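Letters are used for the chains, namely A, B, C and D, taken in the order the chains are written, and counting of residues starts over at 1 for each.
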Amino acid sequence: MIKAGIIGATGYAGGELVRLLTAHKEAEIKWYGSRSYIDKKYADVYQNMFRIVEERCLDDNMEALSKEVDVIFTATPQGLCASLVNEEILSRTKIIDLSADFRIQDVDIYEHWYGIQHPSPQFISEAVYGLCEINRERVKGARLVANPGCYPTCTTLSVYPLLKEGLIEPNTIIVDAKSGTSGAGRGAKVDNLYCEVNENIKAYGVAVHRHTPEIEEQLGYAAGESLRINFTPHLVPMNRGILITAYASLKREVSYEEVRAAYDKYYASERFVRVLDPDVCPQTKWVEGSNYVDVNFKIDARTGRVIMMGAMDNLVKGAAGQAVQNMNLMFGLKESEGLELVPMFP
Amino acid sequence: MIKAGIIGATGYAGGELVRLLTAHKEAEIKWYGSRSYIDKKYADVYQNMFRIVEERCLDDNMEALSKEVDVIFTATPQGLCASLVNEEILSRTKIIDLSADFRIQDVDIYEHWYGIQHPSPQFISEAVYGLCEINRERVKGARLVANPGCYPTCTTLSVYPLLKEGLIEPNTIIVDAKSGTSGAGRGAKVDNLYCEVNENIKAYGVAVHRHTPEIEEQLGYAAGESLRINFTPHLVPMNRGILITAYASLKREVSYEEVRAAYDKYYASERFVRVLDPDVCPQTKWVEGSNYVDVNFKIDARTGRVIMMGAMDNLVKGAAGQAVQNMNLMFGLKESEGLELVPMFP
Amino acid sequence: MIKAGIIGATGYAGGELVRLLTAHKEAEIKWYGSRSYIDKKYADVYQNMFRIVEERCLDDNMEALSKEVDVIFTATPQGLCASLVNEEILSRTKIIDLSADFRIQDVDIYEHWYGIQHPSPQFISEAVYGLCEINRERVKGARLVANPGCYPTCTTLSVYPLLKEGLIEPNTIIVDAKSGTSGAGRGAKVDNLYCEVNENIKAYGVAVHRHTPEIEEQLGYAAGESLRINFTPHLVPMNRGILITAYASLKREVSYEEVRAAYDKYYASERFVRVLDPDVCPQTKWVEGSNYVDVNFKIDARTGRVIMMGAMDNLVKGAAGQAVQNMNLMFGLKESEGLELVPMFP
Amino acid sequence: MIKAGIIGATGYAGGELVRLLTAHKEAEIKWYGSRSYIDKKYADVYQNMFRIVEERCLDDNMEALSKEVDVIFTATPQGLCASLVNEEILSRTKIIDLSADFRIQDVDIYEHWYGIQHPSPQFISEAVYGLCEINRERVKGARLVANPGCYPTCTTLSVYPLLKEGLIEPNTIIVDAKSGTSGAGRGAKVDNLYCEVNENIKAYGVAVHRHTPEIEEQLGYAAGESLRINFTPHLVPMNRGILITAYASLKREVSYEEVRAAYDKYYASERFVRVLDPDVCPQTKWVEGSNYVDVNFKIDARTGRVIMMGAMDNLVKGAAGQAVQNMNLMFGLKESEGLELVPMFP
């Protein structure tokens, strides 16, 4: 039985980790870290866990925690994990960091986009970017996994095959993303109040969103060259779900079958990526509560572009689910253990 | 492995049965009946099931079906199950009927409230009302289970202990109920369009809703006498969830502890009924996707009344989940098999 | 042109006052008071007002304000208006207080339910309860109007005729209320975040909500005797709207026509109360954005009770609209001036 | 007083026309045409109109109608207006067609994208495309106005200035659009049920949506050359509102001030187009219920692109509001008559 600790267990991603690990047959949670709710019963913060979780919240002591558990999940703001981690801790326990601290290999880019100094750049090169479908083998041997951001996960998986197969022009990629509101976290801000979000849609972080360099780095690996994209996220009045609609110019005329073959080449045997039937557009509701990413594409011969689409649950494949998938890989478990969740509809 | 057939597999309750049975370790679905979608791939109707269910929809042939499966679930409009069932079928297979056909023992009351003639009243007395927490032992031996209505399940479980213990006046009970829109079914009606339901709340079926006699019958058993209640359902802009707020006059002054003891007497060892902590009001979101019913109460000494509250997911404990719970009992499986679902929040 | 000042202009009720007064032909806003946003452009707080309101927010100085305007609206937390008002101010300007400070005639009841000491009880008896349809004549001569609470407005208008005509037993009244989330205000609290409210319904303030004594006082006037009710509010995932469902025992058998006549007696010539056709249930969406209250009833002969229903927009008739209606009465304008808003659907 | 008739008065756009014209000081509705509800009271179809509209619905007889009114609004499916209109009717009355029948000058393109034969191509060249801000003078003299589509209105107004001023490459334009569900109409379809739309987002009509050629034609006029765009609409879980996010490559390096000047050149004196302050992103909620279009832009120097954004209420500026604006122009009224609606928030 793998012993897990969570730092930041009372945010939405932390709460989803608790939901998933509670039902996981090979793992148990030993530490519910939450600076804001120390000593409070966890189930008093998330009443869905009443009679399921009896433990109380603890402080964010990674030092102490590392002596008690096999794996630590950090579902915390940028900079926290990087400021707590050290060689001693890493020698005792594995870390899956859900923040952005170790996702970007170039520390200057991280510091530029995040506006903070990186507290422990020495661990960046060691960290494995935990996009399981792409980096599966490297994840298996990792001590420190940088769990991908929600937008980068959905975008990369939607665009990767066409870039890798050289079908699209790298610098023409435009990603228009839409996210449910749980992506904004559980902090009490006026902008996230029900009445401000409901019956409303808006773009935010236009041209400056922090997931941009993360996406560019990952897509750059696929393209074999550095590239620049436009990335525009939007806030949608729903709890869960991310949909990305990506546009790129085709390098040449292609058939449906050719493009489809590119997707199948990478995803035919993937448990969690579903390439949909022709002309079926991904919908976030079809993956809600599950670890699936649904992807599809449409060729527009008129404009010489391809439209790539992807949908997933931002709290599952976009955060906690992928973290558990990484844990499974790191500990030699079945990759889908605890993640065989059937999407809930409606 | 129990073989199950579903008649009405493409309604919302049928879809939820598919979600639950797909993940059930001791059962498998052998028949996806859907008159509206015969020969269509089930996953083309519910795309969340893409790559999970490969079968196509079949007709509603209960005769044929009964030769292939151990249990038939009928998630169909009133009158259908009763018109198809016969002794031969029942001798071969068990039936769990999610419609109201066998819920009401007095056929005159059924025919009065439902406005149709009962096609097979001879099976009514045999049918067991499948409210597992109350009728557990009788369900175990049943061939034909009448799966309770969503409102009656939530209401009965919320009110039962106080009636049974004689703490409240039976004829003072008023039930004000609120339901998510999946309770209205998947039929294409203007009233259920997104724009008609969203940003709106209304009562419906005031003083004439068909669940009234079902609730009265069940509460009458608890009271040991017949009774009449007011029951008013409301349509709420959300997909899932039922909340009931029930009012009754106390027979005498009572303490919190006395009332709490009444609830604990019946529910302390129940897996799926959670009696919440003092002053915590049930919320539908805390049980979403799970088979839990959360109940609680508040004594109002000023008026001599008690307010009883209950929340559950109308598609799980209010329909498909309870149906599976009944199946588990009927086949001697662990009662919670396939139902140990952690509520999803947010 | 009436000069108006608003204290608390950046809450939701304050914002609605701005929307209504901006379009009012006989009034203009001279003071946008908002302690939280002093010196900030009002339209930067509420971008819907961009290019409509050019002014900046000012402090809550009632003394200064009273020298510049004819009427002050206070859309502020309990206790604030009562702590600022004095004889000098009232001699210069009229006040319409949207808080509860002057709604309850018995100061002990106010202090008991609100848990604060009343700062200026000497003005309570002078204050007129601004439920225009009931107290029209007294409002016309008032210096200080206590603008009714949202729930009390909807409840009183729905129940008043039957109590006044002696058709129902006063102490059997139970009010089950449902409100959109704007009623919870614009404060940044976790409980009001989009993800906490969406796809969720709950009761709150059960048996202790502060609007209870206000409703009891007003219904007591109608009954001609003091009475006690049960009042249970619920939070609904929608921005605007209040629906109340009220239950009471009939004193004797009554016909539809008799009850209907009672409603018509009081409302037939009312501009803003619509008694709906038989069996049509009020829906909040049908009054959204308008000053209407839609009411109707259903007799349940089986239980000897009547179910009374009322729907309105909590920010209009439940707050800002009624405040403007009161202003119109106080200044001798047409009562519906600035309030002839057609409900918006969908 | 202008006499108006509406064909298709019970769809959502028709209903919005009724809301607007009811409050319009210089117009009155003489004919509520609705094939589906002939002889039914209009207020029984839209209960928000109870006690506001007393009339009953009539048939779609344009011949009869043209003898009674000064202007006919057709809010009907494609092909209907074109099949009813003739010279005699046009000689008696003006027509504002909210369908696509007369929006596209090239009848082949119309027939290709809409898949129907155009019943009266002889009127196409006479019809004026009623995008008031662009074609104001021509609208004034028109007998037949083609009221623009919702997406084309929002897109054209957002992109027009930069194309007209030659700042962007025409063939690089990509329009990613998001619409509330009222845009899908009031037809009873499973896809538009509450439970299918709520908590969900999807693209639809990818690369084949019928508004594509309409946008291309209008943008082509601005560019002075024909162009091809990508246009992808998405369905958002909200009632009202359209947001478009458009991308284009800049022809050269530009400053904020230059781009801003382009917008101001065309919109500085426009009543209904609001160019927002720097870095403020349009939100649909800020324009809800009003005739405003909020636009803004962001230069992304990294990629050499500009992101253009526009938000409006699809039923007002995107349909009924613009139709009334056109009526005002055609009859020499103040352009904003009946349209000075303050957006409703929240």
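Operating definition for what follows: contacts are C-beta pairs under 8 Å (C-beta built on N, C-alpha and C of every residue); 3 or more make two chains touch, one makes a residue touch a chain.
For clarity, every value in this text was computed on a predicted model and none was experimentally measured.
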item	value
Reference subunit B; chain at largest CA-centroid distance	D
Interface with more contacting C-beta pairs, comparing B-C to B-D	B-C
Distance from subunit D to subunit C - Cα centre to Cα centre, in angstrom	37
Where subunit B and subunit D are represented by their mean Cα positions, the distance between them in whole Å	46
Between subunit B and subunit C, centroid-to-centroid distance (C-alpha), Å	38
Two or more partner chains touched - positions in subunit A	12, 182, 195-196, 198-199, 237-240, 283, 285, 288, 346
Residues of subunit C touching subunit B in the complex	171, 174, 176, 178, 180, 195-196, 198-204, 206-207, 228-230, 232, 234, 236-241, 243, 245, 247, 281-285, 288, 298-300, 302-303, 305, 307, 309, 311, 346
Contacting residues of subunit B [partner subunit A, same complex]	12, 15, 19, 22-23, 44, 46-52, 182, 199, 239-240, 274, 276, 280, 283, 285-290, 294, 340, 342-346
Touching residues on subunit C, where the partner in the complex is subunit A	12, 181-182, 186, 188-190, 192-199, 237-239
